[in-house]
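Have a look at this one.
By letter and in written order, the chains are A, B, C and D; residue numbering begins at 1 in each of them.
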Amino acid sequence: MTSAASRVLAGVGRPVVGAWREARGLAGLFLDTFVAVARGRVRGREVVHQMYLVGNKSVPFVAITLAVLGLISVFQVATQIKQVIPDFTMLGAAFMQMMVREFAPTITGLMVATRVGSGIAAEIGSMVVTEQVDALRMSNADPVEYLLVPRTIAAAVMMLMLTIVGIICATIAGMLIARSGFDVSFKTFLNFQLLDAGDLALGGTKALAYGLAIPVIAGRAGLTARGGSAGVGRATTQAVVATSFAVIVLDFVISGVSYVVFGQ
Amino acid sequence: MIRFIDIHKAFGARTVLDGVSLDVDTGEVLYIVGNSGAGKSVLVKHLIGLLRPDSGRIELGGKEITWLTEHEFYAVRMQCAMVFQNSTLFDAMTLVENVALPYRKHFALKPAAARERALAKLDLVGMRSAADWLPGDIGDGLKKRVAIARALTLDPSYVIFDEPTTGLDPLAAAQVDDLIRSLKHDTGVTSIVVSHDLRSIFGVADRIAMIYQGKILIDGTPAEVRASRDPIIDQFFNGRADGPMKI
Amino acid sequence: MSAVSGFFASIGQAVLNLLRTFGGACLLLGRVIRSLFPPRFDVHETWRQLYHVGVRSAPIVAVTALFVGAIMVLQSAYFVKRTGATSLLGYGVGFTVFAEVGPILIGLMFSGRVGANNTAELGTMVVTEQVDALRALAIDPLRYLIVPRFIAMMLMLTLLMVLGDLFAIAGAALTSDALLGVDWRVLVANLIESKLLDELVMGVVKATTFGVAISCISCYFGLSVTGGALGVGRATNNSVVANATAIFMLDFVVGWIYSL
Amino acid sequence: MSAADPAVRIRVEGLGKRYRGEWVLDGIDLAFRAGEVVGLVGPGGHGKSVLLKHLPRLLDADRGRVVIDGHVLGTLRAFELARVRERFGYVFQNYALFDFMTVGDNIAFPLRQLAAKVRPDAAQILARVHQRLADVGLAHAFAQFPRELSGGMKKRVGLARATIADPEITLYDDPSAGLDPVTSSKIFALIDAMHRRVPTATTVVVSHDLDRMRAVCHRWVMIERGKVVFDGVTEAIAQASEVVRRFFGEAFS
């Protein structure tokens, strides 16, 4: 085989092999994390501490972004409706449904991926690079159990909480703009007629899926950091992209499956 | 000729330099020594404007440079080069591109001409054969030699070395010491070396100045330093664990 | 009492941090603009950054846009199925993708891919004294490191926005054809005739402002790193958060200006 | 198994490790005995720290194996490996102190992680931690955080943590890197003191600080380009090969 051909094959092969090894490593890490949780090897106090770090610190960040998004989407939809048929009775209902099914979990997921994903990768990455993870292993503290499990549980729980906070802030912002811009009374805006168990289940599934995927993907980026501060930088960047991308892909998969299976 | 006159510098509550006065004669190799955190690197960074003193004056080649602006310091840095402790080569460029960078930026040389001049400097430090390698491919000792070559591209009259042999194995350290020694003979460059490597201090220094608790404790030839009976100086230069020295 | 004062202190701290970041980034923007007129920056490094920024983010932006288009179709599919208004599909999808969701999601992915990387790279250079080495070689770090990255990010995000819009349409067309049975040619024709040029231009203008913000913020955090590996990690984290906040703020401001 | 010399505690057989296609360790054969203090030296970046990390199996060998008291490390299951690691103390090059814990908690960590039936009670742990902090001259630093300490103090805390359980095998990875002569001597004095506390312990020190190692190490192992090029006592250096003699310098010939 000529060297050029082998070079081309290698060029194609390398990313594929790399992606496969990455997927296998990630699957292994998911398994280890859930086995550790199943075996109850969980330090409650640390989980609560991580909840504070993950949740509390992200509340203002999620609240602002979701409020802005709520403002924008109501403003856009309302201006469209005004041009077609100026009947705003269903404005609030449609908004609530879209927020619960789609925007609140996904945008909150992206924010948590950005903030918490890069945070976990940065922290664990710098612990690997300064050999703290090796020090843990010398004292029989498994890094996955000791570092990743508390963060995973905290992120999953907080993801649900933050989505709810997100929905509340978006709704408040939406209500205000609806009244001031298009004089839609709070009462008409706040109608939950369209909302049913299916929407809540869909939104909840998405939030939980993101909450579990983000810390484990970020944790893997952190645990595989190599080579001083440059390594930590790479791990953090890789985590932000991988977790954000995972949120978007999961959103598509869950929405697609629910549409095909449940028809809604 | 370089003069530090009564330099004071503190970082928040921690006073690092408490009235340091020191002269450096042209053409000599002066070693500034002291324990970690004594302020050796802090003092020399004032010379090229990376730090500004809280009070005191600095003169370089007879001109006062204490309060020059960042932009005005560029002229000073053309005269006075610095080699940092972790060799600071740019990872994205090959070794010869690293050394050619100052030529490209200051003398607007075409890439080919800059490469030629850079290869000559690499030859000076015995690294010409590795010209097209990346910094990542070579060990710390060799990186240090390329960093020295890069600092020499501006043909400075003063060169500052910040702990050039720290972290190097004895062989690589000896080669860097030889390089500093040969610099003085071949080019008559004045070198200021910050170090606490006893082997290289007594192997290369023309003169030694020791900083202890923010002040110059001694400033003299290696022989004078060895003869000193001051207990702190004796403890430091023999590297003894027990003694009056407070760290 | 300490809990309450602690709470207010943390709010005060958050506001102060926000202002310090905003101030720092604006100062940096000022210095960058001053060195653009007359243009005094390293051309070689600019080309390298254009390639570095563009190549690294093109695939991720394209794939993100593909999914954004698909999600938008899925989102309105439920609505369209109930009301049967398939003709509205093209307009609805096109509008949200070009004007709103497209710029935000592509901006976020770009901020993650390039912004975070920029802060990490600059942070590492500061921590390993490479920035001081530049100054010691009498080379101005702003003109050699910062301005090339500013130009690369601003230009590339603008171009990538257009690329993203194309991929989003492709994603939407594919999904609508596969899931809704609405032939993709219909969707595309419908989209073209809904005259969404204004929205497309607004999306691109948003992308340019995002590019400016992301470059200044990520460079600001990169240059202000202290404290080794942990410092680089923390700066990268803060940079990504600040970029995301800036994207949402700017999205609202540009959207509001356009609606005047 | 070659003739089992009773005193041999760790045996390294044909150990190989590859990074990006290059053999950093290329067939290492060594034996470490009880009561020995071994100096591991050689040109920078030639695999010394990598070899050290293979002993407690922090790194897995690509070739060959490490045997401790008859157990082949590569084949041990997790809890067996845990028992083996409990006999190790490791002073890391980058300090590896947990920056989210105080100095006291850092030093107590190895004891608190011991299996329940072996673990001393809380009061005993605290007493030993305070005693060990006093041994390294940092009694005042109990409640401080690692970021508040200087390089030399961080190194001493790392040393206190590694030796809190009086381990049989203590590994030092470049303990005096970047430290001034006086602090370096303090560190090596502590290494010597730690060895005297448990004379049957095996101690391995990786460092470039040949002058200070000379006072502490009985035996030297030099590694160049992934191979052992010298393994003997200080006096044997004078008769060693040219490369070895040049590395150690005139003070040793």
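Methods note: contacts are C-beta pairs under 8 Å (C-beta built on N, C-alpha and C of every residue); 3 or more make two chains touch, one makes a residue touch a chain.
In this text the structure is predicted, and so the values were computed from the model without any measurement.
Trainee: If I count C-beta pairs in contact for every pair of chains, which pair wins?
Mentor: A-C
Trainee: What is the chain whose Cα centre is as far as it gets from that of chain D?
Mentor: C
Trainee: Could you work out how far the Cα centre of chain B sits from that of chain D, in whole Å?
Mentor: Distance between chain centres: 33 Å.
Trainee: Taking each chain's centre as the mean of its CA atoms, how far is chain C from chain D in angstrom?
Mentor: 48
Trainee: Distance between chain A and chain C based on Cα centroids, please, to the nearest Å.
Mentor: 18
Trainee: So which stretches of chain A touch two or more other chains?
Mentor: Correct list: 129-130, 230.
Trainee: Which chain C residues touch at least two other chains?
Mentor: In chain C, 128, 230 touch at least two other chains.
Trainee: At which residue positions does chain D touch at least two other chains?
Mentor: Those would be 99.
Trainee: Chain touch graph shape: choose line, ring, star, complete or other and state it.
Mentor: Topology of touching chains reads as a ring, each chain with two neighbours.
Trainee: Which chains touch, pair by pair?
Mentor: A-C, A-D, B-C, B-D
Trainee: In the complex formed with chain C, which residues of chain B make contact?
Mentor: Against chain C, chain B makes touches at 48-50, 70, 73-75, 77-78, 81-82, 84-86, 88, 90, 92, 101-102, 104-106, 150-151, 154.
Trainee: In the complex formed with chain B, which residues of chain D make contact?
Mentor: Against chain B, chain D makes touches at 41-45, 150-152, 177-186, 188-189, 208, 210-212, 246-249.
Trainee: Please output the residues of chain B touching chain D within their complex, sorted ascending.
Mentor: 34-38, 139-141, 163, 166-174, 196, 198-199, 235-243, 245, 247
Trainee: Within the complex, which stretch of chain C touches chain A?
Mentor: 14, 60, 63-64, 67-68, 70-71, 74-75, 77-79, 95-96, 99-100, 105, 108-109, 111-113, 116-117, 119-121, 123-124, 127-128, 179, 228-234, 236-237, 240-241, 244-245, 248-249, 251-252, 255, 259
Trainee: If you look only at chain D, which of its residues touch chain A in the complex?
Mentor: Residue list for chain D touching chain A: 53, 56, 58, 82, 85-86, 88, 90, 92-99, 109-110, 113, 161.
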